[in-house]
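What follows is a pair of complexes built around subunit A, which joins subunit B in one and subunit C in the other.
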Partner chain A sequence: SAQNGLRSLRPPRSRRPRRNLIKEGRKRDTGHRTAPLRLLLQATNSGDSTTSPPSSPPSPTTAMSRRGDWVYENNGGTCVAIAGADYCVVAADTRLSVGYNILTREHSKICELADKCVIASSGFQGDIKALQKNLAARELLYQHQHNKRMSCPAMAQLLSNTLYYKRFFPYYAFNVLGGLDSEGKGCVYSYDAVGSYERTGYSAQGSGSTLIMPVLDNQLKSPSPLLVPARDAVTPLSESEAVDLVKDVFASATERDIYTVCFPLSVPRDHRLLLFIHLPLY
Partner chain B sequence: MTKDGVVLAVEKRVTSPLLEPSSVEKIMEIDEHVGCAMSGLIADARTLVEHARVETQNHRFSYGEPMTVESTTQAICDLALRFGEGDEESMSRPFGVSLLIAGHDENGPSLYYTDPSGTFWQCNAKAIGSGSEGADSSLQDQYNKELTIAEAETIALSILKQVMEEKVTPNNVDIAKVSPSYHLYTPAEVEAVIARL
Partner chain C sequence: ATPPSPAPAEPRSSSDERNQSRINPSRESMDASAAAAGGGDGTQRTLNPYVTGNSVIAMKYKDGVIMACDTGASYGSTLRYKSVERIKEVGKHSLIGGSGEFSDFQEILRYLDELTLNDHMWDDGNSLGPKEIHAYLTRVMYNRRNKFDPLWNSLVLGGVKKGPKGDEKYLGMVNMIGTHFEENHIATGFGNHMAIPILRGEWREDMTFEEAVKLIEKCLLVLLYRDRSSINKFQIAKITTEGSTIYPPYALKTNWGFAAFENPSKGAVGTW
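Now for the complex of A and B:
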């Protein structure tokens, strides 16, 4: 019969090499632990989204770690923030995607954490939702304990610590924090996945960031943070000019980035109250 | 408390000429912008001050900003209320100490008075310790909101002089001010204030 024929092709059991399951198990464990961090950092280094583990020369560790241990997903999107003398514009597109598919066109990546502090994050939405929820809860606790709302610089430090807390299993979230500092000037803080942050005059994060940052650098010409005495990084543009710049910049990114959509839905800005401008979806 | 800052003055109660006056520390710094004066069981006070120091530095680490004076006082009183931290390190008696916490934050200078019950009050001027009743009534007469730091120093020392049994010398009083950062006076500076009395 066919079965007998197939069986005859395989060498008899006694001649096949015995697998040492204990050694294999140990190697499997190592791969599992380091896989998320290693693969995440590779993703950030390449700057593009990778939704599957990158191929690598076969070795015991990576072969074992390919067994479905990839826990992140990049849902795409871009976030931009620009700081002005008395305002801050924070914008994000509203497309949620996975691979080549669109999950929704109407998803806001922006969260209003305090009256003068807004966060926009792109990356893996599961981690982003958890992170923003975490920060909002911490802000509420701070409010109750200290009888005042959290300032933007305080939230910046808190976000950095929160991200670093998960240094060895990071939040796959690329954040931009925008708002007004205690003097009423605009401030923008830009983060990497593990909490390194810097106060800048403008920032872009996410899938379209490599397309947007050079344009912002050209238009806003921020002084170097290494200058002594430190120069103000806020732009002299007016608020409406900055909003126009943000819209133009998103329009440019949309031309070439499949994860970014034109006409950002939420552009909260303000020093008195937060307004969300709703523009028609593309 | 004045518009520019807060002045704290304590009597060191040096009981013997053999006692090293600089080792009697009854005013301590909690953070760059907060200091405190203590009265009662000084050992208990040290625990409270240490806890406050940790809390203020934790706040600076988490939020990148100095902790407000009221929050610092609240942190101290939380500890006083629980008789200590956690299950194993908590005491079976209250902390037997009153503190005067002086600080400067975004709301300006402020002074808080705590007692072993874990309650705190904000004051413009306060005296604590054995001679506190007489000192409090003198303060009521002499205090007004328009004082300068120098005037506050003089008033504080003159009231101390009234309630102290010994003569006021740089070795048996301590003065500190928070305006806007904490500074403990050197014996020379204390001498200068005494000369103005």
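Now for the complex of A and C:
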């Protein structure tokens, strides 16, 4: 009847499972945390349905996504690095874009962290700048403490740790670290946004990476990582051949990726000098 | 509350379009409950801009940097304030122009006051140049974004300071999440879509002040015609090695005498 309200909709007592919910509740009683659940169970048990169940608390993910849809933007760009026997080529395009707009055509994504270590990053430019500044500052501290500049493998580990430090609010930066290791051989480290990294012979990151990586795989004939003993993926090409390959690969990516351009490239070599190559393609 | 963006869904819409979010300010109560429900801590952060300034256009010219904007500030879709100065001097060497939430721009001016005061108190013969102020603002904007409490602005920083290579002109922009860059010509907000193409086509390194003003007026006119939140009252400011000048506001001549406007109800009886 209407007087009973919801009670009339509930199945008859005999069909509902018999549980001593109060006893159960008391066993698990950890105080206020289970209070809402306890109250609900008590209400059901006693047949009193006037207390409505508490609405489910909003999940933290909805709050984050609501707050989080403006904190990042993708400013585009592509970074490539190729390691050779005694050199390393690191290149990045210079377009800074937002959506379908170009903000500027001449913004460098490369930062020279140490004399034998160069980082190129693509992604959200605010995070990239903060990350590169962070690393440069740490490198300066290292210099003061150890009276020598950081080696590329050391910087590689530092970058990985720095990225993972912000695992739950990541740097939206896709990095490629290139340089010479302590033996003078070229090394390239490739990262994802939260710090997992790997030393490879060549790498591409950023908006054009999916267009460039297959071409590099084809041209640089990397040995299988399954081989034992492990073979080096460092290319036997000469430096000028590697630079030409990088230029070609950027030209190809530019054809199809709106966020990548061909002009200009920064191509640092070993510690001797930093080479900027301006291509007439625009 | 995503603003209706002219760009398709795939690439994210320009951050400047966040400034153009034409939300009804009475949705504040909805956002407040959303914030309380989501964050649970009862504090509110700037989730939407309310009183917003329009585009700022700036470019380098022969003697320095010229910056211009209109003097309006909108409250949602209302053109609420019509005499708002959105270009200010900073120290001896720079000008700052701000679009976006006007109260946040005033907060930034307070930060810069503190910065320049401390710089002055050093009394060491050196003063902060535009590059330093740009770097400072970039850090401020980025760190506020990291705390999910942004200053909802796109700032334009221009200036001239003596450097190792003589008088160095500088012009840069920072947006609300810390994206920053330096360029020869900058426009924020709708100017990014309408003024930048004009500037990219017609800007030259060695423009005189008169030529620069003509070019900027061309851009301001396009914005006046096509951006509904723009008003016909503009201010131009320039900065050179001699110092900065912010000119008094003035109006541009507009032309509405097009044949199609002359008898608008010609093809549609009963329209007004």
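Keep in mind that, in the parts below, the second predicted complex is superposed on the first by the 203 of 282 C-alpha atoms of A that agree within 3 Å, B and C clash if a C-alpha of one lies under 4 Å from a C-alpha of the other, contacts with A are read in each partner's own complex, and residues count from 1 in each chain.
To be clear about the criterion, a contact is a pair of C-beta atoms (placed from the backbone, for glycine too) under 8 Å apart; a residue touches a chain by one contact, two chains touch by 3 or more.
On a predicted model such as this, the values are computed, not experimentally measured, just so you know.
Touched residues of subunit A were counted for both subunit B and subunit C, and C has more of them. By the touch criterion stated above, A:D69 is placed in contact with subunit C alone, subunit B being left untouched. In the superposed model, A:L216 makes contact with neither subunit B nor subunit C. In the superposition on chain A, A:Q125 makes contact with subunit C only, not with subunit B.
Using the contact criterion defined above for the overlaid structures, shared-chain residue A:A92 touches neither subunit B nor subunit C, since it reaches no partner. By the document's definition of touching, neither partner reaches A:L177: not subunit B, not subunit C. Applying the stated contact rule after C-alpha superposition, one finds that A:V249 touches neither subunit B nor subunit C.
In the superposition on chain A, A:H107 contacts subunit C only, with no contact to subunit B. On subunit C, the positions that touch subunit A within their shared complex are 2, 5, 7-8, 11-16, 18, 34, 37-40, 138, 141-142, 145-146, 148, 150, 173, 176-183, 192-193, 196.
Looking at the complex, you find that subunit A touches subunit C at residues 58, 62-63, 66-67, 69-75, 96, 98-101, 103-104, 106-107, 124-127, 129-130, 169.
Those residues of subunit B that touch subunit A in the complex are listed here as 61-65, 67-68, 70-71, 74, 106.
On the side of subunit A, the complex with subunit B involves touching residues 142, 145-148, 150-151, 153-154, 156-158, 161, 182.
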